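Common to both upcoming complexes is subunit A, partnered first by subunit B, then by subunit C.
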Partner chain A sequence: MFKRIQPVDKPVHLVFEEQPITACEGDSVAAALLAAGVTAFRQVARGDALRGPYCMIGNCYECRVEIDGKPNLQACQQRVRDGIQVRLQRGLRKPGERDEP
Partner chain B sequence: MNPDVVVVGAGPAGISAALALDAAGAGVRIVDEQPRPGGQVYRALEQVSRNRPESLALYGDDYARGLELMTRLSASGVELSPATSVWDISIVDGRLGIGLVCDDRAEIVYPRHILLATGAMERPTPFPGWTLPGVMTVGAAQTLFKESALVPDCRPVIMGTGPLVYLFIRQMLAAGVTPALLLDTAPGHIPVPLWGDLLRAFVSAPKSLLKGVSWLRQIRHAGIDRVTGVGSIEARGDERLESIRYRVDGRTVELNTELLLVHDGVIPNSHLAMAAGCEHRWNRLQGYWQPVLDANGLSTRAGISIAGDSTAIAGADAAACSGRIVGSQLALALDFIDESRHRAETLGDRQRLERIAVTRRFIDRFYRPLEYFQTPLDPDTLVCRCEDVTSGEIQQVAALGCMGPNQGKAFTRCGMGPCMGRQCGNAVSHLFAHCHGKEVDEIGHYRIRSPIKPITVGQLSRLDLD
Partner chain C sequence: MKDYDVAIIGGGLLGSAFAWGLADRGLRSVVFDEGDNAIRTARGNFGLVWVQGKGLGMPEYARWTLESSRQWVGFAERLRRETGVDTQYHRDGGFVICLDDDDFDSNVGLLEQLRREAGDGGYEFEIVEHVELRRRIPIVGDVPGATYCPHDGHCNPLRLLRALHTGYLNRGGEYRPWTRIGGLQARADGGFVVSAVDGKVVAAAAKLIVAAGHGSRELGSQVGLQVPIFPEQGQVVVTEKAAPVLNYPTNYVRQTDAGNFLLGPSSKNAGFDTSTEPATLRDITANCVRAFPLLDDFRVQRVWAALRVMTPDGFPVYQQSDSHPGAFSFACHSGVTLAANHALEVTEWVVRGDIPERYRPFHPRRFDVQANPASR
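On to the complex of A and B.
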């Protein structure tokens, strides 16, 4: 859906669902995923519909992902860091899921 | 150390207010969710001007003008807390407290006064299929453009109206992207009753009006198909947006696209003020809740003032004026300056606000929110994105006798997800108003409660309570 019009001068490497992604320092996780062609960020709690970023300013909570095992983080509010493992947020959190990695 | 004033929001209003207070000798801490100051309007401005100054021109002159505010902020004594969210404002042991969280650290600060400058957000636009990946707001695409220099890799369809739509299209054209289609929901012609407002707006701010006309001309010359009078739209697709279907002049048009950007104006970001217990009233013309304020910007809750677009939408220049005035007023109320200094330093801004209000009157009356988005009657349209509640479910519980959004939570969980009603609030109140034949202000809004941003037990457990 989106492409970069500036070259990535300071690359940051992350992984989304086993797919390696090169982002640019200062990117939000949402921008990095969108630039890499990812459209679905989370699966809803009721049913299996997929959602992606809608507002990009931290209001809609549609861009929630799991980062390094920590669920329900807003991808538009998180900055990329080298080596982070990002996953689709699947439904609700389950009882017993840990908060800290 | 507890500052004299905590300012929430580092956009033009918040920064201007903080600078006025700092200049008066008050201790000020300004907090913002973003990693850098600027608010949404000057988002990533410092980063762009430092890392890729050659691309500043793509964003237009108004963007670069914000640099002055940022330079003055970093040269001032104001303490900036970036990447910090507010999760609560309440009276703790008789003291006004504000709960902040940054990374894994939560804290409660006790200032003498709190100034809210939480700015604006785009009006949510529920319609069939608006939850599909590939449907975003125009502002979301603009944020990606400012922060990461991302542009659509296709020719997007843009639907809606308001100054931001035209500004964004102009920015896209500068970046080499030509939208395929603009479904403009504003009236095709300026209605006769608005001619007087337009004339007064032109006399008051000829440059702004001419700028708007030149943007419209650029859109036409760029070969973007512009359709006015669109009454309804539907986004279609399986796992993501594949096509749109809209109705115009009694016929249905279907078009393939993978990106639809929607914008139906902006509304005050009033969640925090509501949670703090500040009274709000319904603005019927523009369809939003705005705080009830006295002439000094003081809300109905002692110790809380509000400035800028979070009081009523008027744009970045007005927000800066409003911030300086409310900041100076607080400095006066807290005895840092005297009446004559306050009057002298705010005179120019008051006159400027009066001029901006003349232009605003025309904009507010011409760019009205679209009823199709305000009251989404199609029963399958999701109104609550978090809890997946449809318009049909809301209409059903209204028919069962449920009187409003707060009672509706118990039936449907609508508004109880992580966004806490930011996206569905106005649509749900409109639907109840529609079903019961009442006005929105008779129905009311969700009762907003803290924590207004999700906070983990882990973060709370590290709270330092003295």
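On to the complex of A and C.
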């Protein structure tokens, strides 16, 4: 769907759901995924419908993904880093129960 | 220019509830609202339908609040059935979390005083110590305890506003946004003429309801209504969404049906300033994290400030004008909690043209320095 208008000169490697992706330094995670043909970033809270980026400027929260185990991150607000593991945000995050403080 | 039974100035939670109720009673009404450049108090609510702790020194208000929370059950169901809009009202009771022993003592003391003032009416609440609290709300932090009131609940206030508007429009009600009202005048025949700020006459009506939030003070004064209100700023913090873990609304935090946590409360006198600032937001989040430590690693999605419609004693101001009978004004900070009463009961007063005796304490003459029980 999307095509890069400039070649990738400084490659950064990440993984989205087991799929290796080569991005360009300075890309947002959202841009990198879109350029690699990924459009489904998350699964809704109820049901299994998929969602992807809408605004790309941090407002719509549709592009949330899990990065290195941290849930609910807006892919459009995160820069790519070498070696990051990106996953679909599947439904609502499960808040961890804490031990007695 | 059309002639209406009632012209309502203000399309917020009060005006919309009145509009819905009047349309339900078959009256022809019109609602004048400003645009989104208005103060829009009705868009900034936390969403509690709350009874606990309200009405100290005015048992009529405590009773009024309780009555509305009871009416809310059928009211929410009617709104859903008739408009398809689910207000997401839940009435499982609510907790006032106390962060330390002093806080716990004074909160229990407040509720005991309310119970004394309620007399035979009774005042239901429960003292919940830490261990039991942890059983009911497993995510609660290391706090001494809480008080619980079975009548408390919460809803989505934006959906409430939408449901009221939808129900009103469905019954043929007329809603006129972008019409800032500037003039209210009595007609020789007893009705009223309403004009916009540019002087253009926009409606004539037999009766008038001024429910214009912070605009009520100036508008009301034109028809003999004194509306002693001032803005009290409150800030709200919203976190990212999570799976449901908080099944009760509390004084600090509630989790919405969508999964977000709403964090509050705060209160300060900032005039009409609706900007948030770090000191207040830090206080809010610090208290909420003490109450619910798991919030510590939650990201904040949005923050905002809104301006409560506050009266000198915090209780509602309801009145019909002495000099201009047929002109009413209603103002309070509990547009969500009291929505059911406003829609179902207050509209009846307007139709009948009389505020019942038992609601006299809501009249602003209570602020008159000359007022005392003997002279009333």
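Here, the second predicted complex is superposed on the first by the 95 of 101 C-alpha atoms of A that agree within 3 Å, B and C clash if a C-alpha of one lies under 4 Å from a C-alpha of the other, contacts with A are read in each partner's own complex, and residues count from 1 in each chain.
The rule is short, and it goes like this: a residue touches a chain if its C-beta (ideal position, glycine included) is under 8 Å from a C-beta of that chain, and two chains touch if they have at least 3 such contacts.
Remember, predicted model here, so these are calculated numbers, not experimental data.
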So in the superposed three-chain picture, is A:Pro53 touching just subunit B, just subunit C, both, or none of them (first/second/both/neither)? first
Greater subunit A contact set [subunit C / subunit B]: B
Could you say whether A:Ala45 touches subunit B, subunit C, both of them, or neither, answering first, second, both or neither? both
Can A:Tyr61 be said to touch subunit B (first), subunit C (second), both, or neither? both
Should A:Asp27 be classified as contacting the first partner (subunit B), the second (subunit C), both, or neither? first
Taking the superposition on A as described, I'd like to know which of subunit B and subunit C A:Gly91 touches: first, second, both or neither. second
Kindly classify A:Lys3 by the partners it touches after superposition: subunit B alone (first), subunit C alone (second), both, or neither? first
First (subunit B), second (subunit C), both or neither: which does A:Ala36 touch? neither
Doubly contacted subunit A residues - partners subunit C and subunit B: 45, 61, 72, 100
Subunit A - residues contacting subunit B, complex: 1-6, 9, 24, 26-28, 31-32, 34-35, 39-41, 44-47, 49-62, 64, 72, 76-77, 79, 99-100
For subunit C, which residues are in contact with subunit A within the complex? 138-139, 141-142, 240-245, 258-259, 293-294, 297-299, 301
For the complex, give me every residue of subunit B touching subunit A. 33, 35, 40, 44, 47, 51-52, 55, 121-122, 124, 131, 133-137, 139-141, 143-144, 147-154, 175-176, 239-240, 258-259, 269, 385-388, 417-419, 422-423, 454, 456-458
Okay, in this complex, where on subunit A does subunit C touch? 45, 61, 72, 91-98, 100-101
